[in-house]
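Take a look at the structure set out below.
Per-chain residue numbering starts at 1, and chain names A, B, C, D, E, F, G and H are given in the order in which the chains are listed.
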Amino acid sequence: VNHEPDHRLDFHRSARIGHAEAVYSEGKTLDHLAAIVTEAAARNESLLLTRLAEPQHRALRARVALAMDYDALSRTAIVGAPRAPQGADDAVLIVAAGTSDLPVAAEAQRTLAFHGVSASRIADVGVAGLHRLMPVLPRLERASVVLVCAGMDAALPSVIGGLVRAVVIAVPTSVGYGVAAGGTTALHACLASCASGITVVNIDNGFGAACAAMRVLSGAARLATP
Amino acid sequence: VNHEPDHRLDFHRSARIGHAEAVYSEGKTLDHLAAIVTEAAARNESLLLTRLAEPQHRALRARVALAMDYDALSRTAIVGAPRAPQGADDAVLIVAAGTSDLPVAAEAQRTLAFHGVSASRIADVGVAGLHRLMPVLPRLERASVVLVCAGMDAALPSVIGGLVRAVVIAVPTSVGYGVAAGGTTALHACLASCASGITVVNIDNGFGAACAAMRVLSGAARLATP
Amino acid sequence: VNHEPDHRLDFHRSARIGHAEAVYSEGKTLDHLAAIVTEAAARNESLLLTRLAEPQHRALRARVALAMDYDALSRTAIVGAPRAPQGADDAVLIVAAGTSDLPVAAEAQRTLAFHGVSASRIADVGVAGLHRLMPVLPRLERASVVLVCAGMDAALPSVIGGLVRAVVIAVPTSVGYGVAAGGTTALHACLASCASGITVVNIDNGFGAACAAMRVLSGAARLATP
Amino acid sequence: VNHEPDHRLDFHRSARIGHAEAVYSEGKTLDHLAAIVTEAAARNESLLLTRLAEPQHRALRARVALAMDYDALSRTAIVGAPRAPQGADDAVLIVAAGTSDLPVAAEAQRTLAFHGVSASRIADVGVAGLHRLMPVLPRLERASVVLVCAGMDAALPSVIGGLVRAVVIAVPTSVGYGVAAGGTTALHACLASCASGITVVNIDNGFGAACAAMRVLSGAARLATP
Amino acid sequence: VNHEPDHRLDFHRSARIGHAEAVYSEGKTLDHLAAIVTEAAARNESLLLTRLAEPQHRALRARVALAMDYDALSRTAIVGAPRAPQGADDAVLIVAAGTSDLPVAAEAQRTLAFHGVSASRIADVGVAGLHRLMPVLPRLERASVVLVCAGMDAALPSVIGGLVRAVVIAVPTSVGYGVAAGGTTALHACLASCASGITVVNIDNGFGAACAAMRVLSGAARLATP
Amino acid sequence: VNHEPDHRLDFHRSARIGHAEAVYSEGKTLDHLAAIVTEAAARNESLLLTRLAEPQHRALRARVALAMDYDALSRTAIVGAPRAPQGADDAVLIVAAGTSDLPVAAEAQRTLAFHGVSASRIADVGVAGLHRLMPVLPRLERASVVLVCAGMDAALPSVIGGLVRAVVIAVPTSVGYGVAAGGTTALHACLASCASGITVVNIDNGFGAACAAMRVLSGAARLATP
Amino acid sequence: VNHEPDHRLDFHRSARIGHAEAVYSEGKTLDHLAAIVTEAAARNESLLLTRLAEPQHRALRARVALAMDYDALSRTAIVGAPRAPQGADDAVLIVAAGTSDLPVAAEAQRTLAFHGVSASRIADVGVAGLHRLMPVLPRLERASVVLVCAGMDAALPSVIGGLVRAVVIAVPTSVGYGVAAGGTTALHACLASCASGITVVNIDNGFGAACAAMRVLSGAARLATP
Amino acid sequence: VNHEPDHRLDFHRSARIGHAEAVYSEGKTLDHLAAIVTEAAARNESLLLTRLAEPQHRALRARVALAMDYDALSRTAIVGAPRAPQGADDAVLIVAAGTSDLPVAAEAQRTLAFHGVSASRIADVGVAGLHRLMPVLPRLERASVVLVCAGMDAALPSVIGGLVRAVVIAVPTSVGYGVAAGGTTALHACLASCASGITVVNIDNGFGAACAAMRVLSGAARLATP
């Protein structure tokens, strides 16, 4: 028998680096998820669960008697209350190159909402039809941070990076087939972008891109108040 | 001792598929190159040598007493006379995303010229500054074939493919570093392009792209004369 | 709540580059597919859906009350009427190296048919038995464009490319196991082909090969009518 | 003969996205570099050359009669005057995990200096001896942006990302051998970091990381002045 | 018909190298597993089955009438009696960076228990929150062998390797997504560790890490008794 | 509608290269399999089907009213009569390093049996317990061809290749996990073998190894009868 | 100081498996090569050195006073006398797809000659011009073993394997660029060949292919004399 | 100007984890190496430099006036005095599969000697000739730790791991060509070893293997003295 704890939630993270504890659910057993959620509720802490597949969500629901705000598109659940909204609207914008990239964009949007940051989502403006991008360009030019979710050849971050001065965080997605399957081509294209100063997160990592956006907002706040 | 021939030049290729014998020089010994060039001259056949590095060229020059038209940027040499120019100018256009992609573009241009096809070369119109592309767009719209040489993230073929109806042949180049080194990222990005109907050749294969363009011109000729 | 649209159909594509809007269905949610199909029908536009798996098709059918022409082998559905047939028969030929490559060949054939181009499909003429290829060689020699779908070692495009002057577009397929699984070996073999002027599309990309063929037909038409 | 220009410098980039034109020198011919540098000088524009190897620098020097500020460690040259220094010191910090990562850190530092941003460089504080990191932690906690250059297993960005709330941009380096050779392991470790909100640039891309830092400063400025 | 035996159990292994025969169950047919288990029972030998999925376990149970101690988290079954416990507690410690790494840690723990070695399991002390590691550091400093199971960027083995003098055996896990999926990034990060003298086993190989720990205990015993 | 045939069976293969037509069943539709089997029966030709999964077999059975000899371990079916046995027993031996490699060994054995060659199968003599190999060494020394099926690190072909003078054909298998998953490590280890003169076939390709063995027997026959 | 021997030549290999000790020279120090060659000469044993670059050969020559038969194309040296020629001419044939593949073919030819087997070399009969292959087909049909050296897409082994019943051993070469560079594409194409019963050796491994051919001759001899 | 230090030597490492500071020299500038060596000498600390190529060594020698014990085979230099020898001879044994693996074995041997551990080196006992291994088996059986350096298919660690109960640390080397080039095949084969309890270090990492051996000796010492 093992008497050591199987998880150690890090609720001090918010004080330390500015964003709250979140739990990556893929591959966790139902026992572990239930214990985590129960502890958070018992300690009255809010919690974000990411990559929680619908069957996992249903099973968890059946096991623990807790209210959970679940969103199927982003596969996220929020336990407890999200932070109150703060900051200017559309300081952060989330762009999805195609409709198929929306689950990743939605994960980013939900993560930001959980932390009190509202961010719009602009979809299906990929490079194959540049005329679709032009109407939204003024909004992109006003933003401080633009998250660009794109799969396949992921040319959109390069195009946007060459047009606006905002922080551009590319989120390569696993959308595609053949050489694009799994997102490695999109990832490499973003990293090798000919537009300067684009940064990149892991494939399908909408959560991480949102956290990076919050680091920018936080760094900006400190720059503004010396 | 080996009494078998070490090479068998294929001068019937032109009659069969429409483009002439060419010799890929990289890795061939000086003995083999000299024998090939000498045989072509003795049979009064023209020959294109590709990937002939400058030291190889100098050594070959010193070995065989033959006129050769060598171009250092494209690393090509022409033995004998190229075909007489034919067809409309700018039916084929060669675009290089950056200045560093010019050697590949030049290999394509020289291969076409060797076969009597004149094609202009448009350089440094990459995606990081889309405004540089716009002035040349009308020329791209009038072309029948556009060869697009691009390294790094190779976003340019997707952008052009979404704007024009020409045959777009992407030539990924090995320009770049890190994940882009060697051209695999450019290759994969071209293959995964979100613009439909783009075809791709091997990395740095300006020669092959030119041959493909000649196949298009030849197929078009047959369509026009049933 | 998100008030931005989740898709932006590009019905001007046909006027711009000559082929119509098509929807890659893999990974799209049923909600998104239904909204897309409904909008196309409402706007009286025809639409091609590719990579629509049978379960997706059944679910979509159950959701929207629309006639759809579904083909299980190619996993394509056509909403609305395809273009009227035009051009010479067999200007485009589709070759499948083996019986297992037929789904990819069928995707190309259906894409062409949707655009009004009829193209025959020639199957099981792979390199392991060259005598099977010889009877169809005259048809290949008369074609303007030959699409060659081949998996495993994909030697067939090289053999055909060395025999005919048509545009040869290789479509590597994911048929095979071990080192061939996923189609990367076939893709690389096509790109490294010893026959000159072959171009290549992404693995299993019958749709893209068909679009490329249409670019050739369109370029040829412009060359013929200056 | 080719009458098209071989390069098109983008001096409007600064107005558009906030950082100036820079030239990646690796693989460019001496002719092209000389033409670029000469044009910049003639138009009285400042220019940053990156990845300019010492032999290239000497040859360029011998060809064009221009003052150039060359730095061997970072392999950068500055033509013309850098921007006047601005902003708070140490708003951006550059950390190098080991001494071997310094060339990459120096490229970032020089790029920032060229744009008028002064940033300190903290070296040899890798994870194998965590006690070396602790004394500099307060400085990291005060910064708005931290660039972390690390090769081999690149564990340092994760450790720093878990300790501070600044924007953390990881710059994987090609330092290492065996599985680490070329920097892919470092790149992947940064992308897969267990610390949330870290973003990543291409291997050895000190230039790009500096540009990304400038996007953060620029975004912060806009947030502070609505 | 085949008259050769389909398996040859190696019960002399214990005498030769110190650890007992174990059977890797993944991919074995039910017929083969049943024959193996039956032979071990008939010969009165204990046997460890690893990677025995729950459905396999249920089917095996239904087929052979034998007592088996099955553990779902580690997917291991023990047939017969484990060795009697021996040696000091916590001479071997098993650390899991995250909760998701526990199945691998459990496989190691069960393998050790089967051989009579008791080892504690310390979970969720990953690098993103270093403060969680500090309380267990004294235990790590007292251990002779530390097995560190970590996925994603696997930074934990480097941190521990820089802090303690014990034998550190890194067990990269397949936990993660994108570039981390499958465990290759974790594996490479462990191999490229900047902390000296860390050794590594195959991805998810808790069994092998336990066997390596037993080799250390056995080597130590021989050193102590010359 | 397509009026071209979907398959072209190659029953002349036996006369040409000595082994009969065989059909790789994985990924083929039920329609195609049924048409192939029916044609073979109608023409009274024997046929070997490989990689025929059990569900495919059951469905095929239900569709066509034909006797088929199906073997689940090797996933092969024989339609019609195999050739009469010929040649010396154990001229060909099939070795499986572990029990998990038996499906591949069985595919080789069935392919040989279909062609009238009887070959024994020796299992579970892997390198981890060399003493298990020694008793079968005399049989290996008498054989003309030894097929060695091995997964994981595939060290057995090297060991056998260093001990006997027979033709050694290594068949890497996909048995294993982590770096071994999929069989690439086994494949590469066989290709890089330190024992000279070992040849290799594709991963899990028991069929191909058997065909290669038949080429050896055939070549030997011709050498013996000049 | 180390008192252990640095090499242990295996002159019993010939008695055991039929081919003699050979030394792979790449990466060996001059000290080690000199000691090996000197020992062989002192023991009056013949020795084949492979991958001996010209500078190594010159340095070795200058160090030890021994006659050596060096061949620059194949980079092989023979110390002592080769075996007396034996067996039928052209029982083994060596085919090189292109002129650039000749160094590999020559290594195979020299290895066979060292062992007393004479084998002709047929060059430049690649798939891009099938008509060049047809004249040599009768010789291929008479051979017992055909070694096929091919780079790039390596389609030639498949074509030959579909035409003849001989043992076909494919030797992929590193000839090519882009995706073909290094020979991996050629290797994979050979392994995935659609022609049945082809076996493969490591990239550029002319030596190993020759050893495999000798195993066939030896196995044939034993089959003929029961 | 940068006023931060460019290196921070970690001379407390010995007290903390038991082995001394060492400097990986590859890629370090001469300035940095000279500063490091000078500081160590000034502080009277011994220092091991690894991967110091001969030209680097000569340049360093010319720059700093310090005695250095340089060994060309292992590319190591020792500044100051090594530790006094301690412990039993041959508690650690270093095996090199082939002569070409000796540089890696020598790096391990020198690292151990620098720390006062004497270890013999046994060379050229690879799997292709198992009879060469048998005479040294008794020594291997008596050792507590065996380091096995092997390239190509690296089958030797599996064979030894199946025969002895010592700690077996595999050191894959970059010896080989084709699929073996760079050492990845050797690395993967060691990780996927069918012998249980083998651990692995990075390719060519003789230094790391020696440090791991010292961790075993240190752990053993603590076990022996509770």
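Operating definition for what follows: contacts are C-beta pairs under 8 Å (C-beta built on N, C-alpha and C of every residue); 3 or more make two chains touch, one makes a residue touch a chain.
Since the model is a prediction, treat every value here as computed from it, not as a measurement.
Undergrad: Just to be sure I understand the contacts, which chains border both chain D and chain B?
TA: Touching chain B as well as chain D, we find A.
Undergrad: Through what angle, to the nearest 5 degrees, does chain E rotate to match chain G on its C-alpha atoms?
TA: Superposing chain E on chain G takes a rotation of 180 degrees, nearest 5.
Undergrad: For the homomeric pair chain E and chain F, should the interface be classed as same or different, according to whether the shared residue numbers exceed half of all numbers used?
TA: Counting shared over all numbers used gives less than one half: different.
Undergrad: Any idea whether A-E or F-H has more C-beta pairs in contact?
TA: F-H
Undergrad: Which of A-B, F-H or G-H has the same interface as B-D, meaning more than half of the contact pairs match by residue number?
TA: The chain pair with the recurring interface is G-H.
Undergrad: Could you give the separation in Å between the centres of chain D and chain H, each centre being the mean of its C-alpha atoms?
TA: Taking the average C-alpha coordinate of chain D and of chain H, the gap between them is 35 Å.
Undergrad: Report the inter-centroid distance (CA atoms only) between chain A and chain H in whole Å.
TA: 44
Undergrad: Taking each chain's centre as its mean C-alpha position, how far apart are chain A and chain G in Å?
TA: For chain A versus chain G, the centre distance works out to 56 Å.
Undergrad: Where in chain H do residues touch two or more other chains at once?
TA: 128-129, 161-163, 178-180, 184, 187, 191-192, 196, 202-203, in rising order.
Undergrad: All pairs of touching chains, please: list them by chain label.
TA: A-B, A-C, A-D, A-E, B-C, B-D, B-G, C-F, C-G, D-E, D-H, E-F, E-H, F-G, F-H, G-H
Undergrad: For a test of understanding, state which residues of chain E touch chain H in their complex under the given definition.
TA: 16-19, 22, 88, 91, 144-145, 161-169, 187, 191-192, 196-203, 207-224, 226
Undergrad: Can you name the residues of chain E that touch chain F in the complex?
TA: 2, 4-8, 10, 12-13, 24, 26-29, 32, 36, 51, 174, 182-184, 187, 202-205
Undergrad: Inside the complex, what are the residues of chain D that reach chain E?
TA: For this pair, the touching residues of chain D are 97-98, 126-130, 152-155, 158-159, 161-163, 176, 178-180, 184-196.
Undergrad: Sort out for me which residues of chain D touch chain H in the complex.
TA: 73, 99-100, 102, 109, 120-125, 128-129, 131-132, 175, 177-181
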